[in-house]
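In the two complexes below, chain A is the common chain; its partner is chain B in one and chain C in the other.
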Partner chain A sequence: MILNRKNKFYIFIFLLPACVLVGLFVYVFLSWSIKVSFTDWNTIGKMGKWCGLDNYKQIFFNDPVFIRAIKQTLILTVLFILITLPLGILTAVLLDFKVRAKRLFRTLYLIPLSFSFVASAIMWSWMYMPNQGVINSVLRTLSLDKLAQPWLTSTDQALFAIVLVYVWQFSGFATLVYYSGISSVPIEILDAARVDGVTVFQKYQRIVLPLQKPATITVLLLLLMYSLRVFDFVWLLTDGGPAYSTEVLANYMYRVTFNYNRFGIGAAISTFMFLLSVLIIIIPVIASYIKKYKGGKK
Partner chain B sequence: MKKKLKIGSFLIYIPLLILVIIYIFPIFALLNTSFKTTAEIKYGPMKLPIKPTLVAYSAAIKRLLTPLLNSAKMSLLATAISSFIGSITGYIFSKFKFKGSNLLFLLIIIGFYIAPQSILIPLVLFMGKIGLYNSTASLVLTHTAYGVPITTMLFKNYYDSVPDELIDSAVVDGCDIPRIYQSIFLPLSLPGFAVVGIFQFTNIWNEFLFGLTLTQGIHSQPITVAVSNLKGTTVAAWNQICAGAVISTLPVVIIYIVLMDLIVKGLLMGSVKG
Partner chain C sequence: MKKFIVITLVLCICGLMPLFSAGASEKSAKQDMIVYHWWTAGGEKEAVDALFQKFLEYYPDVNIIENPVSGGGGGVMRGQIKTMVMANNSPDTFQLTYGTGMLGSFEEILEPIDELFEDFPLPEMVKEMGRVNGRQVAVPLNIMRNNCLWYNKKLVDKLGIDANFHNFSDFLVACEKVKRAGYTPFVIGAGAGQQHWLAQMTEQMILGAPHGGPEYVSKLYEGKANILQDAAIREMFEFLATLIKKGYINNDYSALTWDQGADVLMTDEGVFYLMGDWAKGHFTAAGWVPKVDFDYTTSPGTEGYFTLHFDGFSLCKNAPHPEITMKWLEFITTAEAETIFCPLKGATPPRLDAPTDMYDAISLDILADFRDPKTVIVQSVFAHPPEEYLGVFGNMLSGFMENPNVEQGIKDYAAAYASIF
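Let's turn to the complex of A and B:
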């Protein structure tokens, strides 16, 4: 389409607000944060001087908590995904059968997603409390006292307990995406399979589930994104404790920056988080878009 | 054969119902405690309240009224502005391709995938510099800016389904870009605005980190931060904390239940196409 000068000007005007806002809040701030990470601004009031890679050297070689936070972020991410994906697929397959009140089930499964992370965190800290908490009370009522656990107060269990909160919050989302993926499998394929006498198990194993790659990528990207950035659960449930056993990057970055006022170190951690998200989220997103554009041109 | 089928199809409900119990049980426990008096809590969290009472709610709402209003103001304004900007931006990216427009679009939507922690320090410094630190306005601005990538993506996908021929003929007729937007796209956009608006409103209402970082004190805090402070203080008992959590999240839960179809559309659009 050939556009005259006036319309070119309008394009500029229409794109201006988005470009200014995103340019400033994303790109300028990112560069600014990276700049702070190269300064020694690690006490309040002191305007940082350039100190090269000192902050990075500090966190990578002198800060065992930071290393732990990386490890625990990865553990949390892997566990979260390993539980949520299969749970989502399984539930979606079950809902795909002839089930009454599908919409009701779907609504009930999505309610956890509607909860704010803060409300979830409050609810789960009430669930997990060792003495008056809900889970242990239920176990005691059922005379299963032996199964009562210290949950968030135990260095062995706390991280896993937090993973379960993530699973509770997000598995309905995984179910929704898989369910919509499964219901959009073309009916012709399913009819053909039925004519060929495929069993129910084979139908899912050989036909329906292999077609769910796009749904898996979608869910995976979102779960990865949230497991890296969600700070609310850890901040409100354990604040990284006990004994740093639940410290994750998002929480540690916040604590170092705003509780200890070590802005240079905090910026270095946030830059590390940015690089991590480029690696595991942004590169795949860009790749999928490039593929789409190329596919569209053909 | 028929009987076997019936038993089989009945069995499907067992795992489905177990999941419902797992998802809903914590919410039941939360509600249960929120309807008790402080004295009643010690009888155990699973005992039903002897006589359900709203005392915890009235105590909680006294502390939460201003933050509730802050959240309403913040979420409505940021939703409206970011949806509108997303609409005009998505319109251009969908219908008026120019050299580099794909790249620019990609640069904008990448903003959605950047963790807020990566820009948090400059954000606080910037709000301090322009004098908005510790104000609800700073949250409106921040949520608008971080909303634009996703609203742009959603609206571009939405407008992609409008045939290009409509534009071509309008351009031949001498319509310019604002005119085409106003007379063709804006009227077509109402369902789009509903989906995007609800998606944005629920996300912004529930957001915590920006609120925690940019505000101090009850006059500017959003509800999420105010409720989390209830938990930190020893003043509030658990029935009040639970009531506060219910109050804080109830608007979004109601939106989810009542407008489930729009929510589902937003969730699928926002993710599948991304």
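Let's turn to the complex of A and C:
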């Protein structure tokens, strides 16, 4: 399309509503939230006064729960991604084999993704119940009583129990993206490899999986974006307990803001979450641009 | 192309017109009344529905826009109200726990309604609970007594236990007897999002502690306690640690909601349950008969004390329909409204002149205590401290439940206390 003045005008007109809406509902409110983080607003209905960096000093130097929430958010993120990514690759590779009822398996893998978070959380909370829950009941039936645990109610394992629920819900998404990536590997390359006598293992190790880099970046970025702001399962399954052992940043931010009425501190936590997400997510993006730029120069 | 775009834009604007006009027509409908509450469970839902129905009989031209928001003992609804107020979209009225701390947390958005208290027969202490800066800002609808120790009457009778516990030692003796008989002595239900019940439970323990009592509880909630030095806090932790260490508490307490905790009594597995009088509604709704299947006594060491809060309603600042909302608030101060609402909810009426012939034996006991001038009224943890108290202490105490180390518990309690006051 030729970008003449008339077309530019139409492009401007069509982009304008989206720009206005994003500008208003993302950047204006984001700026407002950052501004609030510099106020001592802690009474509903009464705006606070400017307090400089006091809220940030408070959360970083006087709030052990906040520090704990950062650590636990990062642990959850790392575990979630370290388990979900390989699981997605493995199931996508298995689906790539000539198996019977491939569609059925594909659907089965994807079903958890289609569940509402509330329904999933209620289902898992029943499964995790110490006495009547299906997990402990099965373990006891198999005479593995020692393995039966108070899954969600022990400070030692509640966080891991939540990670498992996130993996269950999102591994289907990773499978879907990887399966699309594997299916789009050009058939000519695979035929040439077969003629050269590569084994099945070599086919995946040297051809198929190295070509999944774009899929990996997509899955990684989306899972990262999601896991850094996890809230739903934590709120529904443990509400950050017991004894803050599953407290994560988003849950703590909600608690501080809407239960404790410390709007300034809540805004400081949300600003920190925003900066953390930007930092973690923007690094790979910048790295890929630099690489692309350097590659282009060559 | 240009023509196409112009037509598209015009159509879009036309499409949006009804939205603007809907907003305008809503504004012009003077008789709407926007109400938020958290009554969605059996009993309470029927009670509030009956109340609305009666109000509509008196004011048939009112359109009640009802917004029930369940969860977290009202915490979810309160969060929603705060976001609405921040967006300058206040409702007319919303349910709020009637008590100085909770009302104080909302003082900037509540209108004074002193005129409704001119002929409102309530104990002076109860009126005082609804005042912020000397002005009444809410009306109470029903009493909720907190220091109730419920018990499975058949099991207690079978085991020959005298369910009058004047101190912690009496109760521990009974617990040992129950445990030896193969039952769970003391049931707790404080699962995810319900850890605040631990704060409610320990409040009764502090009240009943040898160095506790009503004055200490008030001092505690006003930020004047010295946690590291005060004997009542240590006595509470020692008592709770004994209950935990001796295996008197159900091991799935942190997976149960409060009503599931009550169910443990009804399945004849557990014997005692420390919970507010709303548990009575749950028992009777399940078919249990008061004084036959279950009964209550005051929690150990709290005889003569009445820990309470109320469900109340307030008038929001910038309420879109203040006139009709005042009529609603006036209506719920009447004996008629309390008589419609309280029996259905399983609660008791705060008006001293409200008729009593429709209440069961347990409610009558509670009412008799409430109306007895010798009874010492104590504002509960839901009413007296600031709103965040429940959340902070619920979480702190859930750590103690897993690791019942008294010294560590006192330190954690002091840290949590310092974070609020």
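What we mean here is this: the second predicted complex is superposed on the first by the 266 of 298 C-alpha atoms of A that agree within 3 Å, B and C clash if a C-alpha of one lies under 4 Å from a C-alpha of the other, contacts with A are read in each partner's own complex, and residues count from 1 in each chain.
Simple rule for what comes next: contacts are C-beta pairs under 8 Å (C-beta built on N, C-alpha and C of every residue); 3 or more make two chains touch, one makes a residue touch a chain.
These numbers come from a predicted model, not from an experiment.
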Which term applies to chain B and chain C once both are placed on chain A by superposition, clash or fit?
-> clash
Which holds for A:240: it touches chain B only (first), chain C only (second), both, or neither?
-> second
Using the touch definition from the top, say if A:10 reaches chain B (first), chain C (second), both or neither.
-> both
Between chain B (first) and chain C (second), which, if any, makes contact with A:212: first, second, both or neither?
-> neither
Mind working out whether A:117 is in touch with chain B, chain C, both or neither, as first, second, both or neither?
-> first
Please work out whether A:73 is in contact with chain B alone, chain C alone, both, or neither, and reply first, second, both or neither.
-> neither
Check the contacts made with chain A and report whether chain B or chain C touches more of its residues.
-> B
A:99 contacts which: chain B (first), chain C (second), both, neither?
-> first
Name the contact category of A:44: first (chain B only), second (chain C only), both, or neither.
-> second
Should A:26 be classified as contacting the first partner (chain B), the second (chain C), both, or neither?
-> first
Is A:125 contacted by the first partner chain B, the second partner chain C, both or neither?
-> both
Residues on chain A in contact with chain B in one complex and with chain C in the other?
-> 10, 125, 133, 236, 254, 258
Partner chain A, residues of chain B touching it in the complex = 9, 12-13, 15-16, 19-20, 22-24, 26-27, 29-30, 33, 41-42, 44-46, 85-86, 88-89, 91-92, 96, 98, 102, 104, 106-108, 110-111, 113-123, 125-126, 142, 144-146, 148-149, 152, 167-168, 171, 176-178, 181, 202, 205-209, 213, 224-225, 227-228, 231, 238, 241-242, 244-246, 248-249, 252-253, 255-257, 260, 263-264, 267-268, 271-272, 274
Mind pulling up the chain A residues that touch chain C in the complex?
-> 10, 13, 43-46, 125, 128-131, 133, 150, 152-155, 235-244, 254-255, 258-262
For the chain A and chain B complex, residues of the former touching the latter = 1, 3, 6-8, 10-11, 14-15, 17-19, 21-22, 24-30, 32-33, 36, 90-91, 94-95, 97-99, 103, 105-119, 121-127, 132-134, 137-138, 141, 168, 172-173, 176-177, 180, 214-215, 218-219, 221-222, 225, 228-229, 231-232, 236, 249-250, 253-254, 257-258, 263, 266-267, 269-271, 273-274, 277, 281-282, 285-286, 289, 293
Which of the residues in chain C end up touching chain A in this complex?
-> 1, 5, 75, 78-79, 82-83, 85-86, 105-109, 191-193, 195, 251-252, 254-255, 317, 386-388, 391-392, 394-396, 398-403
